[in-house]
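Quick one: structure below, then a few questions.
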Amino acid sequence: MAFREIDLNMGPQHPSTHGVLRLKLAVDNEVVLRVEPVLGYLHRGMEKLWESLTYTQIVPLTDRLDYLASLSNNLAYCLAVEKLAGIEVPRRARYIRVVLAELQRLASHLAWTGFMANDIGAMSVLLYGFEAREDILDIFEEYCGARLTVHGIRIGGAVHDLDGPLVSRIRAVLERIPKRLADIRSLLDENRIWKERTVGIGRITAGEAIDYGLTGPPLRACGVAWDMRKDIPYSSYDDFDFDVPLGTNGDVYDRYLVRLEEICQSIRIVGQALDGLPEGEFKAKVPRVLKIAPGEAFHTIEAPKGVLGFTVRSNGTDKPERVKMKSPSFINLQSLEHLCQGNLFSDVIGILGSLDIVLGEIDK
Amino acid sequence: MRRLRRFLKSFFLVDILRGLAVTLRLYFSRKVTVEYPEKVQEPAPRFRGLPRLYRDEKGEPLCIACKLCQRACGTNCFDIEGKRKEGAKFMRPEKFDWKLDRCTFCGFCVEVCPTSAIRFSPEFRLTGVRKDGLLFHRDQMYLLGDDLQDHLCGGCRRVP
Amino acid sequence: MTPFVADVLIPLGKIAAVILYPMVMVVVMIWLERRVVALMQGRLGPNRVGFQGVLQPVADAVKLFFKEDIIPRQADKLLFNISPVLVMFSSLLAFCFVPLGEPVRIGTTTLTLWIADSPVGLLIVLGLSSISVFGVIFGGWASNSKYPLMGALRSVIQVLSYEIPTGLAVLTVVFLARSMDLVEIVRRQEASGVWYGFLMPVSFVVFWISAVAETNRAPFDLPEAESELVAGYHTEYSGMKFAYFYMAEYAHMVLVSSLVVILFFGGWLPPFQGVKALAFLHAVPGFIWYLVKIMFFLYLYVWIRATLPRYRFDSLIRLVWKWLIPLALANFLVVALVRFLR
């Protein structure tokens, strides 16, 4: 039975569109012909809202963008404001930020592994990933009292100091994660079904990936060594010794391997940062009412999803004139149609999952 | 030879058996979930639960109605009016309305408070059944967690 | 015994048993699935309703009973209403032909533990279990919605393809037992002393894989792939109709497990028949052994579901046509040859 091209609406309520994304698919039987993402179901007018808030009041709202990696958003925004205001962040604060940001990367990647596996049907991995992530969220709760929308990084530094008990707790968690990871890997890595569902699916070449503006793990899975932490180091990342994992094929399987390897690298970075935690202040002296002379600054970081950037323009008052966000999920989503072309309907879910999008960040 | 080994491995479903072994091992492992209403995982000391107002040891209110929290709040949760009574040393809040439905639990109010009058309680159950249950007046802000819970929702009380 | 008891009461009792027994097994299976999957994932699963949550499926059924019954406006009403019944009916009917044990002697009468004793019982059971695919097709078609339609299409192709290796695997058993009577097959295994599952492991594996595929279970649960097709062919169903589909799926699993046990693992026979030292195993009633074996295969279903990702459509078909069917054919030829030479 052959039926010609039908339009299929995936979302905004669908089990695996990762939130309220709507995909307009044109499918011929099971083969996908066109994919059109429809956005805006989670639009909250963030960028406009920020114009009516002071620089400090914006920070907790950045938590709500990429809610699986709220500390990365905090960090990117704070770095942009610090660049604009010329605030020098103490070295200890920079290290604490690295610890927090890398823990957040761990949490985000672990959650991704779970979601991705669940999309492809391995439902247990979801729980294993979440179990490991829960340990990290417990650390965040211990550190600043919140688990998801953490608000743990402030302009000029961090919100609290990292004290001894917390450091040893982080170390204990870091030792537990590789065990969990080994379970996940023995469930998925060699599994024939997993490989059939991921190897060679959603391939993109390095050149095309650069043309589409892909960043983060999807770009590195094509073999392009572009990592902000290495290439344009910020927040003392150049003090640490770590590798940038690269893939070769640029398919879903390579994105999976790159993310899992990044988890190992993040564990390394956190360990080094805790070992070399310098003495000093954990927060720079920042005036309570921060007024910044007219100017503009742009700062990017390597967020778990890709290159996250904030442009902040000031006008001399305590509120920004304009804050613009360059969100990695939004830009990575552009390539979806290219990745899905000619694949089967089932693969759309895997490919969408492999891009690791978060709708809070796409719709802003 | 390597191809033969790969073929045999795939023919005897080695990858799938390995996966089955992992799930079987975890079947007997320790469970991580907490049976919620009976057992409650205590929040961390710094947990940002419902903010509430505190008194000092003598029972005097700590709040001096300086409205710093109101100004620090990014989402306009507070509506405070203070008044200095005849002969009193400090202003005291006459009206201290706090709206739970607007709060983002960012912690700015707690950070700026000069007298540490407003602090986070470990109360994490924020459900209300009516909209006016989400508006807290001054006297309710002085109550402890469980009494606040009466104000919110009677249905999900902690089992003693 | 009066004719009234023999001709009316006993058949009525058997009919009640044939409806009740699968239903109880379904309830146990749903509970087992949720508990076992939960335990494998580091959580506890339902443990509130009844002892350790055994009554959770009953509570769910009661809830579904009171839910609104929604029929989409564009749906084909007749087919939409008939398909859940068809699915349920065909799986329940098949249980009439599945024996639960050897005839029991009570006083002077013998009570047979099956309703219908047919010389081609195996064929009828396989045929009836294939009828349920019509319910799936009708349900998917009648919903007049795209996800159910795709689920139904997948289901048809999947069940049709996997019938072939199932048939070939079953044929080897029929070859050895020289009978299609399910009771006779078990008796032959008793006589030969070796269960066919150990005699012909390839037949067993092929049959099991295709059975998992035919019952639309993970990793072959494409027709209802949750993350792709929402709920597949029963996306538009609600209330009791949904419960019918749901229960029929589990009843089908119980049926297939019973078949596996009867065909390959000696039905109600106790293990280690030949070993004298383990003769005390015969003291346990055959029905208990039967249940224990069925439970093992139901557990295997759940275990596989908790472990494996889902196949994609094309690789599913490739698996059956490029691997299972040639394997089953070769196995069939070998068995036929051995049978011919002996």
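Per-chain numbering from 1; labels A, B and C assigned in written order.
Heads up, the rule we're going with is that contacts are C-beta pairs under 8 Å (C-beta built on N, C-alpha and C of every residue); 3 or more make two chains touch, one makes a residue touch a chain.
Remember, it's a predicted structure, so these values are computed and weren't measured experimentally.
In terms of C-beta pairs in contact, A-C outnumbers the other of A-C and B-C. Using CA-based centroids throughout, the chain positioned farthest away from chain A is C. Look at where the CA atoms of chain A average out and do the same for chain B: the two points lie 25 Å apart.
If each chain is reduced to the centroid of its CA atoms, chain A and chain C end up 45 Å from each other.
Distance between chain centres (mean CA atoms), chain B to chain C: 48 Å. Among all residues of chain C, those that touch two or more other chains are 40-43, 306-308. Looking at chain A, one finds that residues 124, 128, 131, 187, 191 touch two or more other chains. Touching two or more other chains at once are residues 16, 19, 22-23, 26, 32 of chain B.
On chain C, the positions that touch chain A within their shared complex are 37, 40-43, 146-147, 150, 153, 218-219, 221-222, 225-228, 230, 305-315. By the touch criterion given at the top, residues 10, 14-16, 18-19, 22-23, 26, 32, 43-44, 46-48, 72-74, 104-108, 112, 120 of chain B touch chain A in their complex.
Of all residues in chain A, only 1, 6, 8, 14-16, 29-30, 117-124, 126-128, 131, 187-188, 191, 193-194, 196-197, 344-347, 349 touch chain C in the complex they form.
Chain contact summary for the complex, chain B toward chain C: residues 16, 19-20, 22-24, 26-27, 29-33, 35.
Every residue of chain C that touches chain B in the complex is listed here, in rising order: 36, 39-44, 47, 303-304, 306-308.
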